[in-house]
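Labels for the chains are A, B, C, D and E, by order of writing; each one numbers its residues from 1.
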């Protein structure tokens, strides 16, 4: 019974982290149609900005979210306006655009990772942050904070999408870009904003992850792979799907780790592949 | 008139092809060492890229499973290294890759577009991790030593596989399968309603292309004294052929070969001249190529070529 | 003689019945017109016959045997060829190779390359596109693309040909040419089912017309009978006010 | 059915291929002129005491400038090599048969990719014809490089990794040019660890290992030596590199309550393991960390919590005055003490010093002669006044220690015997109360 | 108000419109009829900026607008209610309407506009909280029209509102179209339902295969043999 509780709690906390890593990717693909292989690199960038600010001006990592999020968001805007917008204009069909943008993001992966390496070096970095537990259940405080942030972000994001003018425009654009245009939505701006938001969320995720794990300029791809698994689990493009997918993967991970840790990665990919084959649109897909 | 010119052109072309073939075939007799090493690499990537283009080019299905088949061949060569002679290993690798690809192809029929790409991407990771776990449990280590083959031997092996790949690719392109595959890529539905067995065509071509990936893997494995699952099933092996094909252009088979050759060669120069900036430059060049060379180097060359010839006579 | 017969054909999309329990038949050698407003279920019916879709319920028999559930390529090789409402040609292939696809794969027996080429050129000749045989199909005009699709379908040596709006978007003269083409197809002994909105064409060349509305068959008969059917007029011109 | 093949394009391709082929040949020829032919061959062997004609020694290496292994190039081996080159050249160079030859390093980026690494290593030996090569980073790379270098008759020393599987190849006599400098689990570290635990009176141990070469090998050797010393292994768990949560593993170990927990993993997993143990307030009597635990930055991240944590290694500033002097010099060179590694840093240096003395003793750049010297001679190095190879492997007595322990932020050697710089703390003190943020570097 | 002159447009290599001209005056109710594939929808798409015309000019309220992005056209007060409804199925009725009011000038007064729309389509108010996917075809069409009105347009282009709807519902739709026009909104209606269309519109254009073929007051056209022929082939 205790073991069961442990598995569940760890899975939930881990799920929060996975969801955090993935929501941005889901947004980028769902609306902007970019399967961003460089997603994890921006998580890394967020983590390093946080780490760097902690070291240089001793800024609390949770405060630095306010800087990393917008900073990476702006990078995303610029990237979309320059790179992906152009690709979109020159692609004859959405399929071609998806293929090309995925490859372009692969190039981006190299650029970002190596720029980061040149700026920050290849060290393994880490720091101790809220490294205590909520005693009764022995829940690590930093993970709880991360989960809390995921929930807050999730709710905030939900409210943003549900209540605001821009949020509705984003949802409308995700369903039908052409019709959204007829409503007066400047589709290119919305796509750029979505891509930017996706990256911004990656940046925030990076800030939070740096409080939990060792960071290195080469960690990006690992997170991209996790994000892809989660996003496919939840259904490409679905925000709630990404949340649910994250929790599912967290639970799978904690269960497998409990019984046979070395099978964790295999379990991820088996679930991923089985799901792709049986329900390609994901659990939340229609 | 027209026929005569065609034949003459063809004669010249065939002659040139023959010369290129002979140069490549006898190169190890005149030079050795690094040039051959580099050529082995170029030929390896040319094989992978052409094999990738054979299926993914006309069908439009973007496969990222290259590393899985290449790695299988690689691993088979390592596991049975010393047990069987080298040529047998290479043929075995091709056969196993073919069979596995048949299975994978049959499984993925429902997936299209980006889903197919993601599936094949995950496949590589799955195979890598499964082999890793098997090695840990069964052999209680991670890697294997491989009996090496002389550089010259490897060169000829890879050269033969390359020639086979090119011949097969040309044959497939010119056969009914090539046409069927191309129609599937253009309009799968219309192809099916015109009597094409879409499933069989896709799966079979996918599997045939995997043969050469597996063979290349088996040949290259003998270059390494030591291999492990991370080396065998490396995601880069999946991505690079795609990038090389894009870089070279996919309108005909020369594109992938040019792409692989230029990519590897330029990469090597950058790598040795600017070790610190290489990957950065690589990324930037890649993005620029995708942005500004939609039909790759070949497309660019053809545009320039046409412009040059345009003054004299209309393009054929 | 009954060539094709559908019984109780039904197809749901989500909760919506696009085709609801339709019985129909087509006889050897006739031209059957299929009309009805947008969304009436005409193309869905075509998709069911050609096996692009599987029926939710109901059966289709062809030359006396059941063909429900066969894959599309088998249906084609049995002799049922089709064209598409929005042209689905192989845009990057030259016209002649579009047609070769049909003659090479669709005839039901193994055709040699030379034979396939000969058939393809014959069919191109038949639809009067010989002069454009080497032009990439994507560069043809809409009318030519529609003809090319017909040629591709004919190259499979069909017994039954399904034509889905091959006149939509064509000019007057082109429509006349298309009507002539259909007449010549019939002259070859090929049975035709056609969906069409160009009324004068339908009225002039069809032997029999089936009218669909909201997935149901609302009328059936000769052109003359259908043209005076109150229900049909209501559907087409709207209610009298 | 005939489709016209675009022959023109095919011709173009092959012409291009031919052009590409000929280009490196030309470049290669130019290279020949520049670097003459004094390289590793046997050309100079007959006149062993005559000084070489060249005026400098070029040492080539394919190093992980970028990619996952770049950490090591930047922080571990890179600085060690560079500092050594700087020191040698400051002293005028290496004395080869009376001629002082300065040293120059030619570094290519292998992108942490094994294929690339081997290709570049081949290029260095065949095309650039460098005088010596330094090894690539990481054990798998070394395995591959050992074969490649041997096939070219180049000496390859490795302080950058090493696993006992390679020893079998060496025993077969296949790798006469290969020298293993880094300590091995079977000869060196696990026996020492067992001795320490035996002395402390530990009875039970748990092992967590990364499912890669290092982890698999170490857990196997730990099983052998710890059982031999009467320490029972009560739990043995493999973990994947991407592990993101270790709480269930730690909790399961906690239930069995072993005296010792050993983590044979790399820094990312070791950091996670430490955090999890602190969070769960699980405090075994001894904790051993694999690679990374020996780095100063690791101690900085965890601060007082590192007190009493053991690591694979080891050397200490208290090992000898030479060690202290080297520490100061290295810290000065790197501009920080964060990345000083109390396992490998001294071994890299010792290996280079040994190599230099071997060249000088051989009095030639001939690889065979130098290899022969290396196999037989003893030299003093920063690590030990008597450093030497036994069967191509640094003798266990040459090392300054095998197991270290953090005490007051200082790495100490706790081996049983005279290498010891401080008595082991056993049991380790309990974790300090968690503090708020502490910056790593 | 809207003046189209010599418009040509193609999809890829397929030309759909040939030199089409059309004029809608302020306050007018103009119909555009023609068979399927005649190019009616393409014409609307060209005007609203969804596709770029090949040649010709489009002017709205005296300003040249060809080449404008759709959002600029909407901002100018020209609303395009697209073919087959295109409501946002995963959003509620209310949200769909709010999307209609996306241009800033309309957004501010969206509550008032919505009240007016609800008066026009009481059914929508009853279903305001429901997801649009749960609406029937007729309700979705009403939603699409309501949404089009939310941008406070000076002119509406409506594409085949009766498409796929039952006769009773079609009657409703036409009733609403009429009242819209009576409220002073200029209307350009594209329809296949010729009789009812000609009954409500002031003037009509007949488009055939991408060419203008007829133009005139509706009462004349309703009697036209040509129209009857085009539709029933008699």
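Just so it is clear, a residue touches a chain if its C-beta (ideal position, glycine included) is under 8 Å from a C-beta of that chain, and two chains touch if they have at least 3 such contacts.
Please read these numbers as outputs of a predicted model, since none were measured by experiment.
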| item | value |
| --- | --- |
| Partner chains that subunit A and subunit D have in common | B |
| Required steps from subunit B to subunit C (each step between touching chains, minimum) | 1 |
| Chain located farthest away, centre of subunit A as origin (C-alpha) | C |
| Farthest chain relative to subunit E (centres taken as mean CA coordinates) | D |
| Whole-Å gap separating subunit C and subunit E, where each centre is the average of the chain's CA atoms | 31 |
| Centroid distance [mean C-alpha coordinates] between subunit E and subunit D, Å | 74 |
| Distance between the centres, which are taken as Cα means, of subunit E and subunit B, whole angstrom | 53 |
| Centre distance in Å when subunit A and subunit E are each reduced to the mean of their C-alpha atoms | 41 |
| For subunit E, residues contacting two or more additional chains | none |
| Of all residues in subunit C, the ones touching two or more other chains | 97, 100, 104, 113 |
| Subunit B, residues touching no fewer than two other chains | 129, 133, 136, 176, 276, 279 |
| Contact footprint of subunit A on subunit D as seen in their complex | 66-68, 70-71, 73-75, 211, 237-240, 242-249, 251-252, 267-268, 271-272, 275-276, 278-281, 292, 297, 301-303, 338-339, 434-441 |
| Complex interface listing, subunit B residues touching subunit C | 176, 179-180, 182-183, 186-187, 189-199 |
| Subunit A-facing residues of subunit B, complex | 60, 62, 107-108, 110-111, 113-115, 117-119, 121-123, 125-126, 129-130, 133, 136, 235, 239, 242-243, 246, 276-277, 279-280, 282-287, 290-291, 294 |
| Interface residues, subunit D side, partner subunit B - complex | 1-3, 5-18, 20-21, 23-25, 28, 63, 65-67, 107-109, 111, 113-116, 118-120, 122-123, 126-127, 140, 143-144, 146-148, 151, 163, 165, 169, 211-213, 216-217, 220, 238, 240 |
| In the complex, subunit C residues that touch subunit B | 50, 52, 71-73, 75-77, 81-82, 84, 88-93, 97, 100-102, 104-108, 113, 152-153, 156 |
